[in-house]
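Each of the next two complexes has chain A plus one other chain: chain B in the first, chain C in the second.
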Partner chain A sequence: MAKNEVAVAGVGLSKHVSKRRDVNIAELVWEAVNACYEDAGIKPKDVDAFATGNMPAFEGVNMPEEWGAGHWGAYNKPVLRITTGGTTGGSVAHGGYYLVGSGLYDMVMCIAFEKQSDGNSTMGLNTVALADAAAQLQLGVDPSFIAAFGGGAVGVAVYQASSYMKSSGCTTNHLDKVAALCRNNAALNPYSHLKQPGLTPEEVAKTTLLQYPIRFGHVCPATDGACAMLFTTGEKARKLTDKPAYVLSCASASDEAALVGIAGSGTTNVDPCEQESCKIAAARAYEIAGIKDPRKEIDLAEPYAPFAHQLLMFYERLLLCNEGEAPSILDSGSMNLEGELPVCPSGGVISTNAIGASAMERVAECALQIMGKCGERQVKKEVHKAVAHGWGGAVNLNVVAVLSDEPRR
Partner chain B sequence: MPAPRTYWISSRPTGRWDKGGDNVDKEVAIIAYAQTKYEADANASRELQVLEVTVAALKAAGLKREDLDTIITANNDYLDGRTISNMRLVEPSGAWRKNESKVEMDGAFAMLYAVTRILSGDHDIALVVAESQASVYGTYLPGIMMLDPTFDRQRWLLNEVSAAALQASSYMDAAGVSVEQIAGVAAKNLENAALNPVALRSLKGADAKKVLASRPLCSPITELMASPLCDGACALVLASAKAAAKAEKPVWVKGVGFSHDSYLTERGSLDNMGSLKLAAEACYKQAGIDDPASQIELAELHECFAHEELMAYEALGFCDPMQGGAFFDSGATKKGGELPVNTSGGALGANVACAAGLTRVIEAAMQIRGDAGKHQVKGVKTALAHGQTGLCAQENIVYVLGGE
Partner chain C sequence: MEHKDETIAIEGSWNLATWQWKLESIALIRKTFDTMMKEHKLLANKCPGCGLVYFMPKPYCRCLSIPDEWVEIKDTATVTTYTFTGAWAYEGISEDEVSGTPLIFAGIVFDGSDTMTVSNLEGVDPEDVSVGMRVRLKWPEEVTGSLTDLAHCVPLEE
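On to the complex of A and B.
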């Protein structure tokens, strides 16, 4: 239990589109950071420390805050760079929680971003697979088998989706429904990328099949965007805003690196849909937050789902239902904006994926829903507790945060 | 000799570290550490090197993997040539199904994250692991990739060495320091490194003349004035007061300060280390140090280039501004001096990018515990350790450590 109460007092988001040709990285990030300063009603001089992260290989800039942070108000302040792949944004938010929770820094500006149009993300991701491929070739694995995992994230996702469908009874129809749900929610979110109001599952089912079972309509876009959040003590947050969102807990866990074990890196993660580490992180986060029954106590979930099946899979792995139950819960309408446990009211990662920022935008959406600042996409029920999730690495890293409208007792 | 001048300070961190009375002494302790031998081209993958130091550090702490609450790794995607460079370190760093994160900076900054995780009360025992292998990346490429991509990188003029050479010239000009004095720093550290069994590079009987006669890199910097990038890993185990109660000879974190300077081409001047000065001020306030030159008994500085050590003397308040050269000439920072600096040989002995700063923390802790072997300085109770990241030491972190 953190010494200090930790709360979110402000959130800022940039415009999210596929190619921001009008701004460079530092300027794109400034849009979000400035929005956050304005939202919280503070000035850069009020901030004690910054935490930031992105996936540097995607833009082709090593430690972009070295030349960017001065433009975000970080002059002569600590700037901690935390990067963990797909979970980066979540990890940066966790950094904010610990920096404030430790009592060392009272006001921490957390910044996560990605400007994918500046580089080539799939090329950046392939460097992850390169070491795997080399080891597999050495072991005599058939190159065509290795190639099946190629194509960046999609290659891994189809394997995971098939495995999830087999174990849960989820059908391709459910994937279409998830995509339609998220894109319709995204249409109500001014900061989302792919807005498709009125999109139906039938229309999603007609999109191109990339590799079974994933269709074009089930996949996230590549986005340019940034997200900033102000983490501060409960006391200061109450002065800055009428209704802060308290961060009750953060937890992460890592499975073994996927596909094959390489010398010194242990065993192989056989089934990428198992996500045991997500269950461990969720259980730990609920425990610290004092949540005994997440199914009853959690009002809203923002799982990290760049592919449609992951929304259902992570809903289960976040311990919000039994394994295999998520597809029928989707059918019941409970995940809709007016449902019992709305999921991805922001439109989710499947609608907007500025990769380094995505896991933080899950935390940001939970905070905004609790603060009641979501406008058209504000869920119908009152949100007391929400869970935000991030996923990444070689399908093996999971981060979970629990937010609430009340400080931890 | 130019007149001493004061640095312009725009704003300082507030929060607990700056509140003076509210100190954190005896809250977080270093209870164990391990280093690989630093080599030009290690016959082991980074995973194996991380495994080696993790196992050794846990053994030294008398702990099992199960005892670890959180693991923070320090590495960099550009150094590893791999996106998500922490991902393959999950198993070798003992992080499997544990709370793990990565700081993409030097390990000394990763240690700060681990310290906050312990201070928050959520975790009791943390492992910090830092690594990189210079044998697998283009020597100056990661530094070039740090530059503003639109302008500075395109000119292809600036890199770690040429930027450092600009800084060295600027500092020599401002402070009236001679190239012989800078070479003297390199000679001191290379001589010290001869007694450090894990150092990569050393030179017995080194003097300024030999340093100046080495291969010129970028005037005024010669090869022996620049730290040798190499392969290696190091690890550190941190514990809360509760968890450290059983530990032998815990070394306490008495204070820490951290600051980020402006981007290379946007700094008012390169002739001082403004962010190191701010970091030191915050750290000293926390640790209750008002006269660093007399209260600190030993310092381990992360000097990627020899001139940075002289500049750091000033920023850390060991001497007045612009007096770094004179302070060095007084002999105070030699092994037998009043304030020995880099008795391990410093980063000039071995510079593993992302690990060299954490190595400084480990060396300072070794001195306090009396574990430093041949390079042990007697009776060290309070020591300072410094880490840096970025071109021309853009980001700096300072720790004051103390024994019982």
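On to the complex of A and C.
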């Protein structure tokens, strides 16, 4: 447990669209950072340290935080850079929690971003898999053969979706419903990318089948966007805002790589939907947060779901219901904005995916919902405790954070 | 040169050969491939610590022991997950216009091993594929000692 109380006192988001050609990385990120300074009512001089992250391979710019330091107000301040694939933003938030919770710094600006239009994310993913691909090339395997087995994030997701559907009873109709739910929520979020008000599951079902069971309508877009959050002590947060969001806990767990093991070896992670590491991280996060029964105590969830099935799968792996129950909970309407346990009120990653920022935007949405700053998409129920999640790494890392409207008693 | 105040691309390429790799699994996998070619057998490595059997072989186990015992596994397997190609594979032709069987890929666990491999599943329609389905490796006419030898599976009739 953290030495100091940790709270979020401000959140800033940039505009999220496919291509921001009018700004460079530093300028795009500044939009979010400036919004966060304004939201918290502080000046750059008030910040003690920075934690930043993105997936540099996607833009092709290494150490962008060094480039951006002047733009963001970080000159001559400590800067901690964190990069963990799809979980990057979640890990940056964990960084903010550790920096403040340890008692080392009081005011920490956390910044997570991706400007995918500056690079090529498929190319970037290839660099993540380069050691594996190099091993196979060394063994004389044709590169087109490697590609045909479905590389990249979609390649991983389709196998995960099939085994999840088998084990849970989730149907393709549930996938369509998830997409419609999220895109309708996104329509109410000024910072989301794909806004599709009134989208119906029937319309999603008519989109092109990419790779069974995933249709075009079940997949996230590629987004340019940035998110900034001010992590500070409970004491300072209470001075800056009437209603801070307390970060009760952060936990993560890393599993063996899924689908194919490192450098061509086998992996004992044979069921891509099992996500044991998510269950372990969630259980640890709830324990540190003092939550005994997450099903009763959690009011809102922001699972990391760039693909439709993942919203249901991670809802289960975050221990919010028994395994196999999520599809029927979706059918009951409980996951809607006015439901008992709203899920992805932001519209989720399936609507907006600036990869490095995405997992932090889950934490940001939980904070904003607790602070009551969500405008049209503010959920009906009062949010006391919320859980944010990220999935990534070499598709093996899960990160979880629990936020609350009260410090842990 | 005309200047526009927006992001631009500059022509050029990077040389992969400037990086060095140590691929510790290659020697093990090479042994498995050579045995496939010479003896028509699937060789996996077994962990003395926890008993897990790795196919493809792995230099170290998740329990941190060295899997140094070679064991033969069967060429029959169970499907743990699958997918098949959608319309993108047919260059934009819509789904109802597609004729023939799409390519089916399956995650399979060979009998006697504890790890997953990906293979092409043939001789079955996509709607008849299911998780838990039993399959067998379709050995190529000429075994070349490479991953492509493992690329094709067919349903197992038991």
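The working rule: the second predicted complex is superposed on the first by the 381 of 409 C-alpha atoms of A that agree within 3 Å, B and C clash if a C-alpha of one lies under 4 Å from a C-alpha of the other, contacts with A are read in each partner's own complex, and residues count from 1 in each chain.
As a convention for this text, a residue touches a chain if its C-beta (ideal position, glycine included) is under 8 Å from a C-beta of that chain, and two chains touch if they have at least 3 such contacts.
Only a predicted model underlies this, so the values are computations on that prediction, with no experimental measurement involved.
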Which superposed partner A:Tyr159 touches (first chain B, second chain C, both, neither): second
Which of chain B and chain C A:Cys321 touches, first, second, both or neither: neither
Touching partner for A:Asp22 - first (chain B), second (chain C), both, neither: second
Chain B versus chain C as contact partner of A:Glu256, first or second or both or neither: both
Partner chain(s) touched by A:Gln138 [first = chain B, second = chain C, both, neither]: second
Which superposed partner A:Pro56 touches (first chain B, second chain C, both, neither): first
Partner chain(s) touched by A:Ala283 [first = chain B, second = chain C, both, neither]: neither
Comparing the two partners chain B and chain C, which touches a greater set of residues in chain A: B
Touching partner for A:Leu125 - first (chain B), second (chain C), both, neither: first
On chain A, the residue positions that both chain B and chain C contact, one per complex: 24, 118, 131, 256, 261-267
Parts of chain B lying in touch with chain A, wherever the complex brings them together: 9-17, 22, 45, 47-48, 50-51, 76-78, 81-84, 86-92, 95-105, 109, 112-113, 115-122, 142-143, 145-150, 152, 256, 258-264, 266, 274-275, 278, 389-391, 394-395
Footprint of chain A on chain C - complex, ascending: 5-7, 21, 23-26, 28-30, 33, 44, 52, 54-59, 62, 80-88, 94-95, 102-103, 105, 107, 109, 113-118, 126, 130-132, 146-148, 151
Touching residues on chain A, where the partner in the complex is chain C: 21-22, 24, 117-118, 131, 134-136, 138-142, 145, 148-150, 158-163, 166-167, 208-213, 215, 256, 259-273
Complex contacts: residues of chain A adjacent to chain B: 1-4, 24-25, 45, 48-50, 53, 55-63, 65-67, 69-70, 74-86, 91, 94-95, 97-99, 101-107, 118, 124-125, 127-128, 130-131, 249-257, 261-267, 276-277, 280-281, 284, 288, 392-394, 396-397
